[in-house]
Amino acid sequence: MNQSQHHPSRASLEGMSSVIIDGVELDLDRQSRCGFPEVVFAQGKSVPTVVEIFSRLTESGQEALATRVSPEQAQALKARFPEALYNCEARTVRLSRETPTRGHVPVVTAGTSDRPVAEEALETLHWMHCGCELIQDVGVAGPKRLLAQLSRFESADAIVVVAGMEGALPSVVGGWVDCPVIAVPTSVGYGASLGGLSALLGMLNSCAANVAVVNIDAGFKAGYLAGMIARRRKTDD
Amino acid sequence: MNQSQHHPSRASLEGMSSVIIDGVELDLDRQSRCGFPEVVFAQGKSVPTVVEIFSRLTESGQEALATRVSPEQAQALKARFPEALYNCEARTVRLSRETPTRGHVPVVTAGTSDRPVAEEALETLHWMHCGCELIQDVGVAGPKRLLAQLSRFESADAIVVVAGMEGALPSVVGGWVDCPVIAVPTSVGYGASLGGLSALLGMLNSCAANVAVVNIDAGFKAGYLAGMIARRRKTDD
Amino acid sequence: MNQSQHHPSRASLEGMSSVIIDGVELDLDRQSRCGFPEVVFAQGKSVPTVVEIFSRLTESGQEALATRVSPEQAQALKARFPEALYNCEARTVRLSRETPTRGHVPVVTAGTSDRPVAEEALETLHWMHCGCELIQDVGVAGPKRLLAQLSRFESADAIVVVAGMEGALPSVVGGWVDCPVIAVPTSVGYGASLGGLSALLGMLNSCAANVAVVNIDAGFKAGYLAGMIARRRKTDD
Amino acid sequence: MNQSQHHPSRASLEGMSSVIIDGVELDLDRQSRCGFPEVVFAQGKSVPTVVEIFSRLTESGQEALATRVSPEQAQALKARFPEALYNCEARTVRLSRETPTRGHVPVVTAGTSDRPVAEEALETLHWMHCGCELIQDVGVAGPKRLLAQLSRFESADAIVVVAGMEGALPSVVGGWVDCPVIAVPTSVGYGASLGGLSALLGMLNSCAANVAVVNIDAGFKAGYLAGMIARRRKTDD
Amino acid sequence: MNQSQHHPSRASLEGMSSVIIDGVELDLDRQSRCGFPEVVFAQGKSVPTVVEIFSRLTESGQEALATRVSPEQAQALKARFPEALYNCEARTVRLSRETPTRGHVPVVTAGTSDRPVAEEALETLHWMHCGCELIQDVGVAGPKRLLAQLSRFESADAIVVVAGMEGALPSVVGGWVDCPVIAVPTSVGYGASLGGLSALLGMLNSCAANVAVVNIDAGFKAGYLAGMIARRRKTDD
Amino acid sequence: MNQSQHHPSRASLEGMSSVIIDGVELDLDRQSRCGFPEVVFAQGKSVPTVVEIFSRLTESGQEALATRVSPEQAQALKARFPEALYNCEARTVRLSRETPTRGHVPVVTAGTSDRPVAEEALETLHWMHCGCELIQDVGVAGPKRLLAQLSRFESADAIVVVAGMEGALPSVVGGWVDCPVIAVPTSVGYGASLGGLSALLGMLNSCAANVAVVNIDAGFKAGYLAGMIARRRKTDD
Amino acid sequence: MNQSQHHPSRASLEGMSSVIIDGVELDLDRQSRCGFPEVVFAQGKSVPTVVEIFSRLTESGQEALATRVSPEQAQALKARFPEALYNCEARTVRLSRETPTRGHVPVVTAGTSDRPVAEEALETLHWMHCGCELIQDVGVAGPKRLLAQLSRFESADAIVVVAGMEGALPSVVGGWVDCPVIAVPTSVGYGASLGGLSALLGMLNSCAANVAVVNIDAGFKAGYLAGMIARRRKTDD
Amino acid sequence: MNQSQHHPSRASLEGMSSVIIDGVELDLDRQSRCGFPEVVFAQGKSVPTVVEIFSRLTESGQEALATRVSPEQAQALKARFPEALYNCEARTVRLSRETPTRGHVPVVTAGTSDRPVAEEALETLHWMHCGCELIQDVGVAGPKRLLAQLSRFESADAIVVVAGMEGALPSVVGGWVDCPVIAVPTSVGYGASLGGLSALLGMLNSCAANVAVVNIDAGFKAGYLAGMIARRRKTDD
């Protein structure tokens, strides 16, 4: 195999810029390198730090998304950026322009307790300007529930499936569709659910070939991956 | 609460009898106490011991079943009891009379690799004189497979569902039927299947209320429980 | 094997009906398909949602059971349905008619700390109109305790055994009886009890053939399975 | 939310067809429903069964891929289908036409021991007619190795990253690129690698947002997902 | 509290002697310090090393015991010490004088597969000149089995209980007796027995207060502890 | 082997008596059967229940010990039994006569945080009228600490060793003494201590032959076992 | 090999001295034996005890460091020793002289949430009079972040790397440098991070040869080891 | 903090060179960047590949070390490089010049079964031209064993401690010395040793501050780290 030893081109080291805010190094080049700006994982950051990061991002013309936002952080962000959207169920604050969406990603939950994780995925998809919709409470033991929704999956570029307990829903959805399924295990359950580990293991062992898995309760990651896939949609779809 | 302090009646201690064969204490009262004779877990027992236990059981007029039988043990049993049935896939030897069956238990597998465990369940059901049938390869990601079989579950007294990997099939079956589902996780799978633990955890977390679980690869136990349930069938069913 | 490829009959897809209440899809067909109405897992649902589900169930002539009910939810249900029964130890609210019972299921605990889980099983059995009784504190290290109760197991259709710590009681009970034992591990214990996992593993490895297992603290599931088994009781028992 | 209750359209239940080969139910509709034919997981299947499945697939005009193929199975397939390609490192047999490829998926390994899993991913991509290339031995502790390959990632639709031990490579790759990374943990390592679990956990906890994970050693799944994503490539890329 | 800071007396550092045999440092003082000579864990030691250790022990007038002995090691020891006793089931070689025994320790097994571990305990007790007997196959699901043996426990100084699977027997025995129970989990079982971990966890969570636990399959340790306890027997017992 | 099938003698079933207090079955025969009265595990019991059990025990002339006592339970017990001793560090209440002690059991801790568990063991030993003393803070990394205490172990009948973190102290103590060591892992530690599991595993794998293990934080069990051993002390010691 | 059997010289047993403070045995010889005084793990110790230990250490002319200090403990120490430094993020109190430093140890974090653990390492290094600096937020998915810092590693004697989540940073740092890397996993993360276990496992499986690992969140240990290594620095560096 | 954003200096990207041998990218710059050449992990590599890597290393004037070498690989290396040293216990082949050593590292084992891992550490230290010696069988339960060796630790720059089972030896050694201890858990043991995990956990929880840990059986890593530390030795030691 011909393994040429070039140096990086698009990701050249010289042109990179960053700013440091109270120990947080904000990666302003990320949009050009990875397609989207850096997202703020707000948990454990001070209120002023979160506000400052939003300021820097908007000053550099980038859209902003914060996840795992506390009510205090949300209040401060809303005070400074009144146009920001706070979704308290998703625990996100989003500052993005209204633009036409591209692609389509259904976000499906097995039960109503999985909704906060699904909302985080939906907010991420909105921030990526990707079309999306929520389909709730499609548990595998309620057999007609999924069948009734199948037509909604036809135009999907990717499907996010959010489930706790045994985590079986991604396998069942995966068998009906021709697009990638991003499975998110949730910590919903008790006893042998082991805080979501059982759902995680179930999803990793899925007998459906088109199921990929992210961390427990990682709604943001699932939405981000699905949005990235949807962006590649063929123009003639 | 009125907790009367009687002494055991049906299970009175005096009348019990047992024989000891090379350290194995054979429980000849088990049929009257528990409804069925003791079953021989052949693994780790010597060939003569297994043959001797079968002799004692038949001499006392009881039917015999051995599980986890090695080819050597099977050969010796067949030599001594030519009418015994050896199922090499199930690894069982069975010595039971032809009688009319009572009840009906479908044994369902998610994939073809789960068949040996299913066969062990089926042999157990035959030994209990319970009607049964095998329904194979009903993976949850092949959506029409289960739907095509639903009519066969209508008269079931209990259903044994055998599945490895994510172990999702019992939940899906459980949602369609009005009888208990005995779920058997199998060690089929690789990597994060953890030798069947992932399937086991999935089944324990089933969102279907009518799913009970036995040990990994425990086809005998699942068949035994299902047979015990089927025996209680109402006469007008 | 003759594997005919019919389409579902009793569970035909066309005739199904459901209603959606704040993201919760209520499965009104469940009673005809599975024998009993859907049970409300109240944890994580809003008070109005829980009340609304009860209303819909009663409007459609079905009996109602809610588990993992908070005091607030219970209060609201009692206000709207004064005839409902709230069992605060079981954390259940039940709305069911007085009818003759069928079958008999003893619910046995190893220790007094296992009682809330046993109560959840008992409430479920009441809701299913199944005869039941509580037998408490039958720890395996108190040898006479179980012997004194054996006569009460004679007419049992199934026995629910609730135990934490080493989870040995189902094995010991299983050896005395001729009916299925539904074992419920509880999170009672400390240190190496691992929140109930040790009891769960012990029960899965039971040397008694008639022991099936449900999730940790899953009193509802155990009661439901036992009730389903008892329903099949032969009329001449 | 408007949740209309249609019945399935594209995936209508009536039109489905399947054949049963020695307990294996072959899903001939899968190509139309999911975009690709069913893939044969050969492990645990008899040689004649594997050959028969290939025959049925080719007779219905579909391309065929078998994974986890034993040398005996491979020999029999090659005898019957001389044009089939056997990759003994990947343990695959593939029967597919030469057609122009669409999309581009680099498959990257952390070390040379990860190659068999990477080969399985590559064979899957070839079978899906997706462009692909192998980039080997890009361990994170050899810092210049990745930098030298960055230009090869620019046109990628998705990247498959295969790594054992600490499983850190997907995070590092993920930070340089604007497409999804499908991470495959391998069982390469010793001691605390726990048969690939440590790599799996590392990948699930990746600090890069664009990393999704499949089962340990699941080269097929990773290739399949990447191929599905690449298929959606915009025509103007 | 008065914590005086003396230096060791009985275990004074100066008087200690040891010999080194091919990297194995033989502790000849152990008998005076700990009451018994060092025991040879033969696994992983060369045949000559094992023989040499036995020679040194006998030369210094000490009795010898080797555990986990391979057939080759046993053969060489028997050739050099014809009076040594090889127990192939226990995998031990023992070289000890015939003397009157002191104390009494029953060794109880739950099933016949637990016998090798029980034999290792018994050989250890013989080497310690402690009275002992084997009581086999007292599974907790065979209820009369234990009751029939209770009289044999009356004079016990300690009881060794050997059990795999759910490991419930020590709890049941513990409730009947007034002496310590040393519980040995075994690796007997399958699936969720996790190589003996489930039995180990069960025993650690025993509801009987007089149960202490040793490592999985550690027959030697259990015998050693029981023998040490029995040695303390009051002369008037 | 001659396995006679007598019925229990000392533990005859007929003579047993018990009382039931709010679902708690108090085993008043335990002292004659097992040598000591039943101990009250107070956690999860109501205040009146705990007081009532103490009353019954004292009325029948037995001494009483309660463990895991809450301050409320302790206060009520002290009000009703002013002579009872409340040890708030041990979380015990004890009601026992002053009598001469028999035997000697040192209780050793690795660090000061292990003291509450040690206190529970000491209270149990006091209740059993066994001589005992506390030796604190003998961590294995402070090498002289243990050496300075060795003389205090000379007359020990058994030693209780309480340690968290790596749980190495029992092995080190075990190598110096000729009596059983009862090891108690504690939940002291952080991170990879896994709530005491690491200490537990270390103790189970002890290279010292005379180390037996009880559950994490099980000071009562360790004291009880040590006291039982000490009771057997030879009169000429 | 010549294994001479001398008695300890530098660590002679006779000369050792210690004091006991409320059960805490303070090891005043540790500085001469191990190079540094004993460090106070304040968690679980009373306020007076912590103050008393500081007094004894300073009276004997030793410097003092306390870790895991509560605000109350810190306040009392500051009141008694106004010159002590309280770092509330590190949860340490330090009492050490200003002296020239020797050696150089960078402390690197993957994310800002890892800072408290890094601060504990830095305080330990200050107390050891070792030069050190903090380099923050060098996540592996932000590729330029590490490259920008490489020059700062050139003069390092050892590097402490603090990371949660997948714990990949030590491997990446290790590949660039010629000194030992002490890796500290942190409990930062969620879901499958398992409280830091995933980071711990990743670091143990590092493909870089120069990575050693300490317990989760063990900033003190990492700083201590790095300081010990730096002390050995060659004078001509 | 002043975080300047330079580009790498010593580790500049331009000057790096590497060669690719059958998919293995050999890092010839590693010696200048990290102080030592790349070491060959031979497991899973073909015989010609291993020989070729040795040739390239020697052609570029570097010394060579291969670990986890099979007998076939060793034979081929010896044929091509007769001066190479094959240590079959360590499973290493080493090709290094005789030069004066610098520094001193004792390698200590708890038991004789730990020797292969110790030998791998020793070979690594020889290859690094670091002085070293083997001290065997210093189990913590043989108390005088360690005390007799203490004088040999006085001049140590670092100590490698190799132990299986409970892994307690590093803590005990750590308390006597003033240098870093590199702890290597081994897979020696049975049952609850969990293949070395128990020893690993014990070492991570060590109460000695100067203990760092590497992967199970990772003799090479421990030797490498110790050698790296010893290299920094002050000239006046």
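Order as written gives the chain letters A, B, C, D, E, F, G and H; numbering starts at 1 within each chain.
Assume a contact is a pair of C-beta atoms (placed from the backbone, for glycine too) under 8 Å apart; a residue touches a chain by one contact, two chains touch by 3 or more.
Treat the numbers as computed from the prediction; the structure is a model and nothing was measured.
S.K.: Looking only at residue numbers at the chain F/chain G interface, is the share used by both copies over half or under half? Answer same or different.
M.R.: Shared-number fraction below one half, so different.
S.K.: Where centres are the averaged C-alpha coordinates, which chain has the largest centre distance to chain H?
M.R.: Measuring from the centre of chain H, the most distant chain centre belongs to C.
S.K.: Could you work out which chain's C-alpha centre is the most distant one from the centre of chain E?
M.R.: It is A.
S.K.: What's the distance between the Cα centroids of chain D and chain H, rounded to whole Å?
M.R.: 37
S.K.: Using CA atom averages as chain centres, what separation in Å is found between chain A and chain D?
M.R.: Centres of chain A and chain D (C-alpha means) sit 23 Å apart.
S.K.: Centroid of chain A to centroid of chain F, CA atoms only: how many Å?
M.R.: For chain A versus chain F, the centre distance works out to 53 Å.
S.K.: Mind pulling the residue numbers of chain B that touch at least two other chains?
M.R.: 1, 3, 5, 7, 11, 13, 18, 20, 23, 25, 136, 142-143, 147, 175-176, 191-193, 197, 200, 204-205, 215
S.K.: Touching residues of chain F toward chain E in the complex: what are they?
M.R.: That would be residues 1, 3-11, 33-36, 39, 133-136, 147-151, 154, 157, 175-180, 182, 200, 204-205, 209-215, 220-221, 224-225, 228-229, 232-237 of chain F.
S.K.: Can you name the residues of chain B that touch chain E in the complex?
M.R.: 11, 13, 16, 18, 20, 22-25, 27, 29-30, 43-45, 185, 187, 195-197, 200, 215-218
S.K.: What residues of chain H sit close enough to touch chain E in their complex?
M.R.: 112-113, 115, 136-138, 142-145, 147, 188, 190-193
S.K.: Flag every residue of chain G that touches chain D in the complex, lowest number first.
M.R.: 110-111, 139-143, 165-168, 171-172, 174-176, 189, 191-194, 197-199, 201-208
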